[in-house]
Amino acid sequence: MSMLDEIPVADPAAGNPEVIQSPKPVSRFRLVLSRLRSTPRFWVGIIGLGTIVLWAIFGLAPNAWNASDLDTFNMGSSPTALHWFGTSDIGEDIYAQTIVGLRKSLIIGLLVGPLAAIIAGVVGAVAGYVGGWWDKAIVWVIDLLLVLPSLFLFILLSPIFKSLSWVALIFLLAGFGWMIMARVIRAQTKSLRERDFIKAARFMGVDTWTIIRRHVLPNVSSLLIIDATLGVGGAILSETTLSFFGFGIQAPDVSLGTLLASGQSAAATRPWLFVFPAAILVFTVLSASLVGDALRDAVDPTSGVNRE
Amino acid sequence: MIGFIVKRFINYAILSAIATLSAYLLASTILNPAGRYLGRNPRPSDETINSILTGLGVNPHTPVIERLWTWVVNLVTHGSLGDTIHNTTVVSEMTARAGTSLRLLILGTIIAAIVGVAIGVWGAVRQYKFSDQAISYASFTILATPSFVLGILLMILATLLNNVLGVQLINFTGEYTAGLDGGWWVQFWDRAAHLLLPTISLALMGAAGYSRYQRSAMLDVLSADYIRTARSKGRTRGSALVRHGVRVALIPMSTYFAYSFATVLAGAAVTELVFSWHGMGEMLVNAITQSDINAFTGAVLFNAVLILIAGTLSDVVYAALDPRVRV
Amino acid sequence: MNSQSNHLLEVRDLSVTFPQPGGSVTAVRGVNYHVDKGEFLGIVGESGSGKSVSSLAVMGLLPSSAQISGDILFEGRSLLGRSDRELSKLRGEGISIIFQDPLSALTPVYTIGAQIAEALQLHDRALSKLAANARAVELLKIVGIPNPERRAQSFPHEFSGGMRQRAMIAIAIANNPRLIIADEPTTALDVTIQAQILEVLQKAKDLTGAAVVLITHDLGVVAGNADRIAVMYAGRIVETGTVDQVFHAPTMPYTIGLLRSMPNLATAGHTRLVPLEGRPPQLSNLAPGCPFAPRCPVAIDACRTTEPPLTSIDGNPLNASACLRVEEISGGALNRAALYPVPAPIALEERAEVAPKTVLAVDQLVRHFPLTKGSVFKHSIGKVRAVDGVSFDIKSGQTLGLVGESGCGKSTTIMEILELAKPQSGQVTVNGRDVSTMSAKERRTLRQDIQVVFQDPMASLDPRLPIQDIIAEPLTVHAVPARERSRRVRDVMELVGLDPSMASRYPHEFSGGQRQRIGIARALVTDPKIVVLDEPVSALDVSIQAGVINLLEDLQEKLGLSYLFVAHDLAVVRQIADNVAVMYLGRIVESGPSSEIFDHPQHPYTRALLSAVPVPDPTLERSRQRIILQGELPSPTEDIAGCNFRTRCPLYQLMDQDGQEQCRTLDPARRQVQGSSVACHHSEHIDLMTLATSQP
């Protein structure tokens, strides 16, 4: 699959010189910000994400029930003024459960995204810059992990992680979530390596690690930020899928995945058990990916071919 | 060109082989096949368990390298993938299930690719117009939906539809209706009806991804100089985009197809589980839960071969589309 | 407004605005020009002057977001407001265009022949596929592509840059258009290929009788080809007239400055260039008044309040200038030659004392790259002789200009030197020390003495670092304390003419010329003895070049630096170099003092190269004899027996049997002929070439 390298990586410095003469020397950061501001998708995403986070933090306050409370008088009730999202067969308040599950899923997503991006950045930069056997070895590992669907690996490794706390899941997801981005970073680094400012540093005698730290990583940072953002949604998707099939978060911990699993059997007859948590889940992931996509468009309007 | 394809094929073949072998090693170290027998009542004796495990070739007392060697030798000499814990051969289990999975995968992938490419092109040409925005938001929403949620939502919708119509129009549990009488025509329709929802589910996921990708590949092409040249020759914008643009924008799609295929496989496995299909995905997941090392490795091999085929196929398409790699 | 027009193309008060997030940009602001049948109009301007945008507007190929006003009349009919479908009938048939970059302008997945046939069939539905293909082959033959039947089956990536541009011309003339727009058609090409393409363009013009609009930044290119010129600045035409009027009696101070700031191959090297200070205005927020006023040495108060219209000079409708003081200039009250102050040379007492010793010596340097084939089992099928035995030396305080076309190995040569590693073969000696025998630590110390300035100032500065860190970077390697570093950075910024108070800014806040000064400052901060300059001005606009070249000359005199100056622009090299070495296919074919090489070239390649360079002087251009080299640069993988230039050598054609035999079998060694060292068997007969080309 080394053909991925041949996907053109747009050079951010290149532009159409005749038409897009920047009006005044605006910094890249400001330019990105102004492009972001004019993207409706960004606003939809950031407001959605902000609402979800605030709701996860404060959503329990107006609710009369806690996630562990059992309302034995209202078992299997449909949404009412008392139980906004209804209750389960044993009287758990679905609203409270959704918020608790959302918290866990959000924490996992928000930690895994950046963590995977950091791994991708370091591994990709080393492979792309150092080259040679390092590069070959890293590319092989990446290719291998791409051939084995990571979902299967998660399931395979789940017996180990089940016995540990849910925090271990964060490292598991990050540990298998960096490969595609590492390839992109590697390709970008390879083109950076041929750029004159890195050549200049090399001819000055600057050592490899300093070049990676001082020149390579800052210049791929925008990609990493995008990846971290898009990774949030991806991690939540992986986590809920694993938990849904019983390989992820284990009882008594609750995540959106476990909640959906318990609501599944009644999905057709009592849809609220399933539809409310599912809608929250989709909304969360959608918001995160809209922000990530808008960021990518703003950083590099010609991008988008590198990752989807 | 042949050289290029051969090289890529060998590359994929080695990758698939290594993936399978490392799956075997991983499974052997993580899974505990003895655990299944220890919980039985009455608990079989240690010797019994030992002999069962040795018979399966998964006895943890044998060094793992030796077990791997035996497995490889069996595969090469007898074409055997060992036995499952249910005393069937892995190969027979796979032949029984493979058709089910392939039917879903092939149909789903083809529909996804065609629909995805078509709406991707359309979205790019109508960039930022309402239809493009609508398509974009729709694909983002689908991409933000886990495949199990998508499957279940489709089932809920189908139930509603069935209830409204008062007839069981759409069947979605299992692969076919058990005990259905009738000729092969009836059987065919029954299977087709069962195929409907899982295929839609898989195709939707795939099409959403492909359309995003095709759209950005098209956008790269929209501003390309050769589109301008084609227009300067006397083509209208639309005709230049179709004749020159789409043709070039399909090139990156062929590579994307190869590396998105692993994701499609995972999505298909989840879909099978949700719709209670007895396919390869179910076999893989069950193998892990039941600590069946041989069945697991067999399922991984199946996936690896599919990726090998998909990868080579996408390289053939790539070489056919792009004269620059035909050397 | 009367929309009748007697001209082939008439552009009236054209304005083009691009809405952008940061405010809209008006790239073209009220442009008027016309082209008559069979006329050759040159539109000259620097990047961002709006010259390409105005031509794309004529073709109707601007992005749909562009707001266009004014009127464009072709054969008396207005083109604005017509639908894409209507315009597409005209494009290719009435007006065709040749774009700058021939690699990206051809669809990579279709054969060249198919792309030409497509142009034919689009405008002649009745034409059969077979007939179209046959005509495509014919067209390829016309534009001078050898083996047209076979080459029509090739894909664009199998063509060289020059051949792709020929194919573009073939597409453009396929339907015998009445107007051909050539948008920087030779900018991406080497000078000998440029000469070929301009010749093909003239031929195409003669063949079709079409009018040509040639858009370029290179005044030299229009001088020899165009009938009339329009000079654009900041989205407007600021001066227009016949070539002779504009070149010999320019009336707009911008044109005068541009002409004076260009190094001219015929005259360069004797005096300092006259720089045109400042940079073109940003089109998004133009101040009122003449956009050139901030850079104009003779601007008066009125220039800053009102923008002067294009007014004709002496009642001649074809000669006009947009300057308030046009009458003073054309009348002679303002002396053109004295309009811009000529920079003073460095005073004697400021000049560094240099003891004449060799600081850099390269002896028989070789760099071959293996060429492998086979996708499964790689095997070597040959080698690329990128650098094939190059020798030269540089004395302290001197400049060696290394010139040659792309692919000749000049970049590989300097990369080999800068690596300071043991070469494949040969020897690199810096300050009398052979670099192959040095330890890593010695090598790092030596790096202080040899620094590099790259071609593209944007690419060579890390956009994420403030310029003080960029300039100080070489010092960090040598463990210079922070306080000392910032002192040195301030000093060196002052030295290159940058305000030290700008040290904390980022590269994108500077103009192209300033960025190159930052690059020079970084090279000088370690106090080097040798500076390798890799095409240091070729990415800069003409008006900016002069300032940087002057700076380099000043610095050399003040600091006693030695330069290895690599360039493809011979005029720039003549301006700055003391000695010149000409490279061809990994070899130096001629070297010697600058005056000898430029005035008495002894190698046929040098002679052809020099004759291909356009000179910004129409009178001189008309009288020059041009030696057009045949064909393309052979691939460096080819193993050419004997002299590797003989495949294209015009002199070889003129030699007798014995002489040709010598070229075919014997690799010419360099030998002293008159003032220079030449690798040619027949330099004594070099004047045969002049005789041959002067015959009608």
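Per-chain numbering from 1; labels A, B and C assigned in written order.
As a working rule, contacts are C-beta pairs under 8 Å (C-beta built on N, C-alpha and C of every residue); 3 or more make two chains touch, one makes a residue touch a chain.
Composition by chain, UniProt nomenclature: B = ABC transporter permease; C = ABC transporter ATP-binding protein.
What you see is a predicted model; the values in this text were computed from it and never measured.
Across A-B and A-C, the chain pair carrying more C-beta contacts is A-B. Seen from the Cα centre of chain C, the chain whose own Cα centre is farthest off is B. For this pair, chain B with chain C, the centres built from the Cα atoms lie 53 Å apart. Centre to centre, using the average C-alpha position, chain A and chain B are separated by 22 Å.
Put simply, the C-alpha centre of chain A and that of chain C have 47 angstrom between them.
Listing the residues of chain A that touch chain C in their complex gives 13, 17-28, 31, 34-35, 38, 195-201, 203-206, 210, 214-215, 218-219, 221.
Interface residues of chain B facing chain C in the complex, by the touch rule stated above, are 3-4, 6-7, 10, 224-226, 228-238, 244, 247-248, 251, 321-324, 327.
The part of chain C that touches chain B in the complex is made up of residues 59, 61, 84-85, 88-93, 96-97, 99, 101, 104-110, 118-119, 122-123, 155, 157, 168, 171, 174-175, 374-376.
Residues of chain A touching chain B in their complex: 1-4, 6-8, 41, 143-144, 146-153, 155-160, 180, 233, 237, 240-241, 244-245, 260, 264, 267-268, 271, 274-275, 278, 281-283, 285-286, 289-290, 293, 302-305, 308. Those residues of chain C lying in contact with chain A across their complex are 18, 20-23, 25, 27, 47-48, 50, 52-53, 63, 282-285, 418-419, 443-444, 447, 451-452, 454-456, 458-465, 470, 473-474, 476-477, 506, 508-510, 522.
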